[in-house]
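Okay, so chain A shows up in both of these, paired with chain B first and chain C after.
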Partner chain A sequence: MRVELEEVLFSRGAFCLRASGAFDEGVHIVSGPVGSGKSTLAVLLAGLMPPASGVVRWQGVNSVLLLLQFPEHQITSPTVAKEAASWGLVPEEVLALADLEERADDDPFNLSRGELKRLTLACAFTRDPDLLLLDEPFSSLYCERNGWFCGMIEERGSGVTIIFSHEHAVLPRVDAIWEMDGGALRGCGSVPGAIPSWRHAPAYLTYALEMGARPENIRLADAREALCRIRD
Partner chain B sequence: MQDPRLRLFTLVVLSLASFFSVAGALGAFMWWLAATPRTKALPRPRVLLPLFAMIALTALVSALGGGDGLSYLLRMSVILLLGAWAYAGTEEGEVLSVAVWALGNRKGFDIGLIAEMGLAGLAVIQEEIEQVWVAMRLKGIRPGLRSIVPLAIILIITEIRRTDDVARLLTVRGYTAGGEICPRFQRGSNDILASISAVLLGILPTLFLRDVFILL
Partner chain C sequence: MIRISGLRHRVLEIPDLELDARHIAVIGPNGSGKTTLLEVISGIDEPETGTIRILGRPPSSLRVGWVGEFPDRTLLFSRVYDEIASTPRFRHFPCPETDRLVLAAAGLVGISNLLERKVASLSGGEKALVALAAACVGDPEVLVLDEADSHLDAGAAERLKKVAQESPATHILWCTQSMDTAAMADCIIFMKGGCILYQGTPEEVFDALRETCYYPTIWRLRG
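== the complex of A and B ==
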């Protein structure tokens, strides 16, 4: 299972996106500042827009799901339970995962942004597509829920998961790192080898590297563990 | 047409002519062909076709009930084309300027502000419809009658909520009634000619035909 981008070019007004590379099975993080083209790349990878030139290839991928940055854009039903059902899922199962059982009959727009994000994330992970694209999945989530979300990503057994985020506080364990800068995609490589060349690395990773530690992955716990190792 | 006052005047004249008679609608359609960018001023088919479908459905119901469905279809289609042309040419703040120019800084400002918010809402609805199509595609929902009804409900509820938010925002900012702006307008070289031809093509066929029928 893999998704390939072959000299993909997309432009809208003054903005131009260029991307080449292959996303193999596992968890990938695509980081970059706001406006660098992460959301556009996610839409191209989901096949919602064709590139101006180049090719996007989905090999062995039978189902694709893009979770949009703003969860309210994903709503198509008048109640929380019906919204879960609109994804083709059993509402009780999804609402239990999202911890929203008591809001089943509420209007989805009456949920807080964080609750709505939890609902869409629970729907996406329950549906378990071959290619899961998560656009800024950490935005609007309460701190304690970031851990819940990272756990779901790490427990996802198969498929290609690509996280598009500029999050710098709580991150999941990943297999590869990519960067978007000024509309250009750059592959940093596999983790842990890619960590030192990651320009958008969170402060705790940069600190660990400066101290001479070599974290195994990108989580705060990995940086702590690496620092403990060199101090011992 | 650059001058929003003439654009609004033309729209009203031609819409009334189209509404009241098929001859007026044909005159208005000829004007639309000659004086507008035609298809370049139309919205995307995804927006235009459902609107046209609603008119066609109403015309069909009218025809089945013994009414003149074809006449309704022709007249309303021309009004739709005119509305699309006027909407495409309207820039932010123009409606407020026209209302203040016509009715002053108190009533004119209030009416213009409401109209501006309505027009801004149309653009937002268009964007929301696009988002809903994307969401449906991502979920694998096929567009149909079953899915369109709940979506329409969602869009209406969202708009009511947005209106409430805007009202609260205006109150928080201290808005009570009226306001002051100095409207300025630019006029294109063909604006007056286009307006006069609109009056001729929109109204004269109606008067002329009525006279012919009286004579007969």
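== the complex of A and C ==
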């Protein structure tokens, strides 16, 4: 299972996106500055927009799901339970996963922003698509919920998961790192080899690298473990 | 000075609160009432019971700059320039003065290159920066940042910090999920279930939260 981008070109006004590379099965993180094209790349990978030129190839991918940056854009139903049902899911299961059982009959827009994010994340992970694209999934979630979300990513047994994010504190274990810069996609490579060349690494990873540590992955726990090994 | 007494509003229950700090970080779990508190402090919403005084005045009489996490909910105009110009235009400033203020605010936030763009064509993070420029252009006495940093990369988040630090606003209320950002504040309030559980300097509040994931990552790493 993989998604390939072959000399993909997309432009809108003065903005131009160029991307080549292959996303294999596993967890990928794509970071980059504001306006660098992360969300546009997510839409192209989801097949929701065709590129101006080049090809997006889905190999062995039978289901694709893009979770939008702003969860409110994804809501279609008047209650939390009906929203879960609209994804073709059993509401009780989704609401239990999202810890929103008591909000079943509430209007989704009466949820706090973090609760709304939890609802859409729980729907997406319960659907368990082959290709899961998550645009800024960490925004709005407080740290304990980020841990919950990272657990769901790490427990996803198969498929391609691509996270578009600049989260700085709570990150999951990933397999590969990518960066967007000025509309161009750059593959940093597989983890851990890619970590030193990751320009958008969170401060704790940068600190660990500066101290001479070599974290095995990108989580805070990996940075602490690596630092622990080099300290007297 | 921010004074709150006998506040009960939706999930909020704050009997008594005095905040004399300039930069105040508001942290806590989802649904703990952070945004609701910011809304009543900024005068967007009237509390059901209780009183709020900022600089000795009710919130509705203050100049407040508000930047929310979902800029689509607050951006009104289709062109970036017009969005930033809205406050001086609503105040009937002369056009040259409005133009000067818009260019200054856009320059301050680092989005001069976006002024002629359609808001609909911007990324989520760019919209947050436009909302920040629009909030700053009105010379706010109170600048409210409600998770405005949640869609920003590290570089843009640093720009936001710089704008907040250099803002002439008397109070900056910054709700954030970044504990490294909260650690820069003069004062932190930690909310849960509509109540303020901890209030104090970053050292005091994070000391109480040492065993939780709220403890700033970089503090934990430096041990």
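Assume the second predicted complex is superposed on the first by the 231 of 232 C-alpha atoms of A that agree within 3 Å, B and C clash if a C-alpha of one lies under 4 Å from a C-alpha of the other, contacts with A are read in each partner's own complex, and residues count from 1 in each chain.
In this section, a residue touches a chain if its C-beta (ideal position, glycine included) is under 8 Å from a C-beta of that chain, and two chains touch if they have at least 3 such contacts.
Everything quoted here is computed from the prediction, not taken from an experiment.
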Review point. Is A:Y204 contacted by the first partner chain B, the second partner chain C, both or neither?
Key: second
Exercise for review: Have a look at where A:P33 lands relative to chain B and chain C in the superposition and call it first, second, both or neither.
Suggested key: second
Check your understanding: For A:R145, is the partner it touches chain B (first), chain C (second), both, or none of the two (neither)?
Key -> second
Practice item. Using the touch criterion from the header, give the chain among chain B and chain C with more contacted residues in chain A. Key: C
Check your understanding: Who does A:H168 touch here: chain B (first), chain C (second), both, or neither?
Key -> second
Exercise for review: Name the contact category of A:E115: first (chain B only), second (chain C only), both, or neither.
Suggested key: second
Practice item. Tell me which partner A:W87 touches in the superposition: chain B (first), chain C (second), both or neither. Key: first
Exercise for review: Take the contacts of chain A with chain B and those with chain C, and give the residues found in both.
Suggested key: none
Review point. Touching chain C in the complex: which residues of chain A?
Key: 12-13, 15, 31-36, 38-39, 69-70, 72, 111-115, 117-118, 136, 138-147, 166, 168-170, 200, 202-204, 207-208, 220, 223-224, 227
Point to revise | Contact footprint of chain A on chain B as seen in their complex | key: 131-132, 134-141, 147, 150-151, 153-154, 157-158, 161
Check your understanding: Within the complex, which stretch of chain C touches chain A?
Key -> 28-31, 35, 69-70, 72, 117, 121-126, 128-129, 147, 150-157, 177-180, 212-214, 217-218, 220-222
Revision key, fill the gap. Within the complex, chain B is touched by chain A residues 46, 48, 65-66, 68, 73-78, 82, 86-88, 107, 109
